[in-house]
Structures are given as C-alpha cells and as structure tokens.
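So that you can tell them apart, the chains are marked A, B, C and D in the order they are listed, and the count of residues begins at 1 in each.
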Amino acid sequence: MTKAPTTALCRYTDTQIFYRDRDLVGDLMAGGSGDFVALMMAHILGREVSPREVRVMNAILITMMEHGLTPSAIATRSVYMSAPENLQGAVAAGLLAVGSQFVGTIENNARLLARMVAAPEAARADLAAEIVAEYRAAGRRMPGFGHHLHRPDDPRALKLLEIGAEEGLEGGHIAALRLLGDAVDAAAGRHITINATGATAALMGDMGIPVELMRGFAVISRAAGLVAHIAEERARPSGRFIWELVDKAIPFDADGPSGGRDGG
Amino acid sequence: MTKAPTTALCRYTDTQIFYRDRDLVGDLMAGGSGDFVALMMAHILGREVSPREVRVMNAILITMMEHGLTPSAIATRSVYMSAPENLQGAVAAGLLAVGSQFVGTIENNARLLARMVAAPEAARADLAAEIVAEYRAAGRRMPGFGHHLHRPDDPRALKLLEIGAEEGLEGGHIAALRLLGDAVDAAAGRHITINATGATAALMGDMGIPVELMRGFAVISRAAGLVAHIAEERARPSGRFIWELVDKAIPFDADGPSGGRDGG
Amino acid sequence: MTKAPTTALCRYTDTQIFYRDRDLVGDLMAGGSGDFVALMMAHILGREVSPREVRVMNAILITMMEHGLTPSAIATRSVYMSAPENLQGAVAAGLLAVGSQFVGTIENNARLLARMVAAPEAARADLAAEIVAEYRAAGRRMPGFGHHLHRPDDPRALKLLEIGAEEGLEGGHIAALRLLGDAVDAAAGRHITINATGATAALMGDMGIPVELMRGFAVISRAAGLVAHIAEERARPSGRFIWELVDKAIPFDADGPSGGRDGG
Amino acid sequence: MTKAPTTALCRYTDTQIFYRDRDLVGDLMAGGSGDFVALMMAHILGREVSPREVRVMNAILITMMEHGLTPSAIATRSVYMSAPENLQGAVAAGLLAVGSQFVGTIENNARLLARMVAAPEAARADLAAEIVAEYRAAGRRMPGFGHHLHRPDDPRALKLLEIGAEEGLEGGHIAALRLLGDAVDAAAGRHITINATGATAALMGDMGIPVELMRGFAVISRAAGLVAHIAEERARPSGRFIWELVDKAIPFDADGPSGGRDGG
C-alpha cells in the first residue's frame, strides 16, 4: 500500500485553527493586518511573501479578472440561466474554459523564459533570436506576444512590467522577456507588443512560482470575475437572449463535415 | 467515527471482474447479449429490468439526447473552444446546465404524479382538478404541460406515452398524467399539450425510478448529445463565432441594475 | 425575440480597458492603490465599497479559504491525480461541493436574519424566540449555530463579529444574530455557539449583499484554498493513497439497499 | 467577423423534430427499432453504423462503465454528499477525472496503432519492435499494456478483441495491437497482457473513430457508472465516512515540501 502522505495546510484544536503554522484567529484575522491576497499567496506557495510580491500579485489578479463576454463568461451565463439554484456550477463551467487557448499561453511563455534564465546571461540575446527563429520556422505564434486590438502596445503589459520593475523583482524573467521582445521585433521588422499574458509569465517567473501552478492564480481571479457576471445576470438576464441569438445565427445544413471521421 | 458503509457495485479477483453479482466478461460482455442500456439500468437501479422497461428507457434517452443549440450546448462549445485538450471539461460544463429550469421540471411533474398515485384511485380526478387550481391560483406554470413551439401537441410526448402503453407499464403514473391533462384542459378552456418532460416523468414513475434519480438519466443522455456537439465543433467550429456574436449584440451600458444589491 | 440586455462590466478601446467606469491601467492598477479584494467587491456589487467593508470581506475570505481535508479538497485531489494537465478541472470539481450542506447554511441563516430585520425592532426578540421554536418543533438544526468541535464557542465567529463591530457595520443583521443566539441558548438551556457560518451571514447581510450572491464569495475563497491543495498535491501526492484507503475500507456486500427504488 | 458555421445535428418544425436527417418521432423512436447506443453512435460520428459496430460499442461502453471506488467515484460521492440537490454537479466532478492518467492512455495507444497502420503492412512487425525499443530507452510504460492485478492476462481485453474479431472489424488496428504485443513480450522476455485500454483503442481505431473523440465515449459510459454510485450513495452514504477516514489517515506535518516552489 502507498505510504500515507502528510499535510501542512491546516490543523485544529478545540480552541484554535491553524493555517500552516499560523493561528487563524489570533494572528491572521487579527487587528487590521488580515489581507486575503497576502495570505492566499503564502498558503499556496508555502513561504513568506513580501509586500512587494503582494503588490505585484494584486496587479496580476486585477488584470486577469475581467475580459467581458468571453467564452468563459458565456458558459457561466448559460449554465446560470439553466440552474440558478446552483451558483457554484455556473462558476465551475466558466472556469473549465481556463485552458490551453487563453491562459495556457502564460505557461508556454513561462517555459521559454525559464529556458532563457537557465542559460548564461551573456548567451541570452542569442538564445532569444534562436527561439524566435524556431517559432517562425514552425509557423507558430510566439506565446506572450501580439494582440488583435491593442497595438502598438498592450497597456496592461506595459503597466505590469512597470510595477514589476518598481517593486524590484529579481530573477531575470522580466529581462529575458525584454530580450525576447527585441528578437521578435527584429525578426518581424516592426514592433510587436508584449501582451498581458507575457508580462504575467515574467512576473510570476520572477516570483519563483512553478509554471504548473501559474494557471491556479488565473483560476482564482476568474472566479471573482465570473461571480460578477452572475450578479449582472440576475439583474440583466442574457442567457435566453444568447440562446435565441445563437440558434438563429447558426443555420441547419445537413451536408458538410461531421468531425466523426479522421479527416472528416 | 462514522461506521463504514459497503458497496455492491463492483468487485475483483485476479481473473474476474463482477458488476454487482454478475461476471463482467463471462456474462455481461458475452455472446451477443451485451446491451449497455439494459446493463446500466440494472446497475443503477439494483434490480433486474425487463425488455419492456429497456425499450421504454431507450425511447426516453433518445428523446433527451439532442435539443440543438441550447444553453447546455453553448456552454460545451465555448469551453471546448477554450480547452480542446480537455474534452471531459467541455462535457462537464454542458452537464452543469441540467438543472431546475429544464430537466428539473421532470422532477416537479413526477412529484405531482406521485401525489396522485398515493391517493385512492376514485379520488384522483378530483385531486387533479385541485392541483391545477392550486397552480393557477399561484400563477405558476404546471410542470409537464405546454410547449412554445409544438402545438397543439408535442409529438414526442404522444409517442412516449404510446410506447409506455404498448409495453404495458403499470403503476398508475401514466393514467395520473392523463387525468392531470384533462384537468389542465378543462381549466384552460382549450387543449394544452402534455410535453416530453411530463411524459418522461410518468414513464419513469411507472418504472419505480426515485424522483431524485430521474435527473441522472437525463445526464447520461445529454452526455452523448454533448459529445456530438464536440464532434461537430471539431469540423465546423462555432466557439469564436458565438463569442463575437454575443460580444457585438450585448452593448455596454454603465447605468442600470447590477444585481449586487437587494432589489438592485 | 428576447430584447438584448446590456452589460456594465467591461469595455475596450484601442488604448484603454475599462472595468465598469474605471480605467484599468490608469486607475485600478496604478501607483500602489491596486487592491484585488476591494476591486472585486466593487466589480461584483456594482457600487463603491468602503475600506471598512474591505477589511470585513478580507476576514470573511480568510475564514472560508481553508478547512483541511474536506470532501471539497478530496474531490480536487482525486481529480488532480487523474488529470494533472488540467488544473482548472480539479478546482472546478472541488467548487462543485460548495452546496447546500456546508456553505448553503450561510444562506439559510441569512434568510432568517433578513426576516428579523424586516420586523420592527421592538418585535425582534419575540420573533427570535418564535423562529427557534419553529425549528425545534420541526426537529431541524438552526442554521448558523453549533459546532461539533469548537465548544463552547467557535473562535472564528467571535472574531468575525468583533471585526464587524469594530468597523461599525450597520443594518441590524449582527444585532439580529445576537438576539437569535439568546433565544437559542434560552430554548436549549445552555450556551450554543454562533458558528462561522452564522457570523458570515450577519456580516454579509449588513453589507447589503443579496442572499443569492453570498455563495459567490465562498466560491472565490475556496478556489484559493483548493489551489493550495493542488500545490501540496504536487509535492506530497495523496490521490493514490486516498484511493487505496477508501477501496480497502469500504467492503463489498451484494446485499443491502441500492437506492434505485423508492424507499430502497 | 468570423463567418457563421452551420449545424447538422438538429432541426425543428411545428410538428416534427429531426436528428440530422432522421425524423425523431416517426423514425428513431418508432416501433421497437429505437436503440440509444446505435443512435448515439450515428449522431456523434455522422454516418450510418452497422449492427456489428453497435455490438462492439456496447461491449466497450460496458467495460468502461464501472471500476469501483476509483478517484472518479470518490470525487462524485464527495460532491454529492456536499450538494445532493445538484446531481449533475456530482457527475460532472467525477467526469473531470477522465483525464490523462487513466482514459488518456487509450489515446496514447491509439496514436501508436495509427502510426503502425500508416506503415506498409510488411514493415509493421519491425516498426512494432522499434516503438517498443523507443519506450524502453525512454523508460516509459507502453500505453495499453500491463495491469497491476490481472496477470497474465486482462480478461476484458481478451474478450474485447474476441468480439472485435467475431464482428469482423477491419482496418488493421487490432492486428497492429497484436504485433505490438508480440514485440512487448519479446523485449520483456515474458508475456505482458494487452489491457482493456489497449483493446479499446484498437477497436475504436478499426471503427474509424478519431483519436480526439475516443475519450468522449468513455465520458458517456462513466456518466452512467457515476449515476450508479450516486444511487448507492443515497442508500449507503459514504461521503462522511471517506472524509473522516482521509482526515485521520493524513497527519499534519508542518515540514516537508509545499509544491509552491520549483523543485520544492
């Protein structure tokens, strides 16, 4: 039988509750110091976090919270309309959209930055050019770069990197991202913006957050954004409207591919 | 400490697997007799099921499988577009829409039928009239009746009840539904259709399926329907189209209620 | 066709992003003022929130974040072990446990408090006694009272109410909860603690949060707690251990009820 | 704007409902012919399916339906205990466990079989040996082979392949799997079983089901299995027992890795 693991997250006595080694009531909730974001970071990461890191994380969470009527929000609103007794199900449906096509690009960018940071500093500019050449040769988009609307620059990315610089984050990921940006611009022959995804990857990388956990912070932030969509859905219902809109806009056509066959 | 429960669903030896008391390989999968719907019913209900019940259940599952571009399918397609690496998440998102507003009406109707079946047979017609009067007084729609499109009759409901009659289902729920239908028509002064939801409730009631489990069969059937939507999404992607369509059709308006305040 | 609704949550220009009427980059993320909890509250509730309310909400979120190896965390760890490529699915699974049996009692308590606050102040003590009598007559537990471990008092509840008092929350829900507590004690003939659920309901009620949205804040907070469980699962895997533990502890027994039959 | 896609799944008139090009009531539900599994296959795959294929799919669905108290069932039972009003959420939680670690190996095996089938028939035995050597060199387990309990052979796999042979499935995937099995045995110096996962991949491959949709059929089958767990949970509740069991078996230990740090 597999050996029993242990947990460091929580323990109880009759009169006290501890989160890791800290007393919930006497310490964490006490006198004005209780800050959910700071605590949540320390709880997830298992280490003390500095006020500078907390400020950076607040900026990241704020940036990821709301993106309007995206597929994630549409899923949440559609489920909420069908099962309003079950708010958590509507949020869960929207969170399931936090996958490879949007938030996953944070991880893909973060892996590139980790590869650069692992190289000797003097070799990083060349490595950046090499990575960009790889992507261009493969016809793939560079994760963390470009935006269909915000040109020449994604203002969120500039601000996130500015905050990272102000707070003195070290670790080399921000610098690596800038080198990558130079290489992207050089290869394209024009300026292509670092986007919010790229900036987030660099800031999280410099805070030492493992790539596999980065998506977790997006999930927390999106949960808040999706609750705002549910609040609005209660006052300005959209679920039935979306249903009718989609049903009318996508006509029936018996022919055409079904997806049920390789190549079909 | 809570006493350990037991399970009757599955056990293993080195050479055999049993579902309940039946040998999976030697019995259930053997020689042509293996029928998933029959087995699934027996497995869930914990009893033998007759071929007549299996036929009725097939008709129910077929009826619930597909309803076009509903909120459930929209949620699945939106999530699949965002996380295609994760088919099960897209199905789960759509299943979360199997809630009170659509499938839940099966349960509401089934509870009315159970109330009628619990009454002496001679008193049921009066009880039906009483129930209809209650709903009308409260201004509530009768669950299991009416359809915005299929008038004067929902053809699925007629067929389901016909199959139930052919297969000789007993238990009184179908008869109770017909009495309720008479009372609905009498009160409205015109014919109002029994819908597929109402017919399903009656058939499941006559098979002795507990009200709290009825939704489970809808979930199984919808899972199949949602996989068909995913197959089609692979060949005729709609996720991005739906996103753009919704984003354009719902304008920004800073004023108006937010839902974040009682009465607001 | 249903009339198009509107949204107040988000709009874009080429150079700016707005959350409601505020500029994301120039205002929300700017110079040190960016606080995720304050912004998320304002975004969900659609109104300005005071620093006092923000402090109260921080205390609530911290209290709800972590409860150890609960069914919610077990679901998350079991799903994460099966699909680690899909962090959001593991969080979604755990969030689906934010239902009637635990967090739902916040809402049940909040409805009682709303009923008391709707009564004239002079009548509230009598109403409290009446409500307690109703529950006792029905043999139902009073939502928001009692704890299996924390006796005589749940320290989190005391602290939450203390913070609510310090921050001067008004609206009468905290006072109503205390009246209800007096009536509970009088009827039981001994002191029964207000629990964290009850205190949370009172604080949220005094902030004017609609009962139907209260669960949303639990979902956000639990999302953070579940990400911490996933982080720990990466370092101290428990999924396979839990599986073996459960499989061994729940023996096969072909007899006994199946749940597939009314009364069976 | 993205061009509108079309759908071939469903259309309505006032008096008829069509699934693809077939009349639901007059054709699919009619006179005894209505078979959910056959219809669901045709609906998903977008083509006629033969009775032989339907028999094979029934055997596959039956095999995947139930595996006892696995992580998937534990998630479903834990969520059901917390939110019994919300059956679909409990099923959704369990389905989220249909990921890379269990069902995903079907896809990995199917990709190997597709690679073999793409090669000239005369070259396949050598390719099988080459694939096995690749996996051994990389220290990776061959997907579709081996079972911790069922030795020397997984009886489900033997039966599935027997049914596939009886029904005359063609396409070369079953033959390719047997070649791969020979190469696995030769490299290991002993017999290693083809498991149910491997056999399922071969049968689905021979039915022309795209690799990316294979998981969909597992989801449908598991949905039924999870509803059976919920039915049993109603009669023999395990959720609280599992909670107490896990909480007691995993001790608190403040030290040790947290997972919140690279390499930590």
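Following the convention adopted for this analysis, contacts are C-beta pairs under 8 Å (C-beta built on N, C-alpha and C of every residue); 3 or more make two chains touch, one makes a residue touch a chain.
Because the structure is a prediction, the values reported are computed rather than measured.
Sort the other chains by how far their Cα centres are from that of chain B and give me the top one.
In terms of C-alpha centroids, the chain at the greatest distance from chain B is A.
I want to confirm something about chain A and chain D. Since they are copies of the same sequence, is their interface symmetric in residue numbering (over half shared, so same) or not (under half, so different)?
Looking at both copies, the contact residues mostly coincide.
Which chain pair is joined by more contacting C-beta pairs, A-C or C-D?
A-C
Chain A to chain D: how many Å between their CA centres?
30
Can you give the whole-Å distance between the Cα centres of chain C and chain D?
Centre-to-centre distance between chain C and chain D: 36 Å.
In whole angstrom, how far does the Cα centroid of chain A sit from the Cα centroid of chain C?
Their C-alpha centroids are separated by 24 Å.
Show the residues in chain D shared as contacts by 2 or more other chains, in ascending order.
4-8, 10-11, 44-46, 68-69, 83-86, 88-89, 92-93, 96-99, 210, 213, 230-232, 234, 236, 238, 241, 249-250, 256-260, 264
Of all residues in chain B, which touch chain A in the complex?
Touch residues, chain B against chain A: 68-72, 74-75, 78-79, 81-86, 89-90, 92-93, 96-102, 104, 230-236, 238-239, 241-243, 245-247, 249-250, 256-260, 264.
Under the touch definition given earlier, write down the residues of chain A that touch chain C in their complex.
1-12, 14-17, 19, 24-25, 28-30, 32, 34-37, 39-40, 43-46, 55, 57-59, 61-63, 65-69, 84, 86-89, 91-93, 95-99, 149-151, 155-156, 158-160, 163, 210, 212-213, 215-217, 219-221, 223-225, 227-232, 234, 236-238, 240-241, 244, 248
Which part of chain D faces chain A closely enough to touch in the complex?
My answer: residues 4-8, 10-11, 20-21, 44-47, 83, 85-86, 88-89, 92, 208-210, 213, 249-262, 264.
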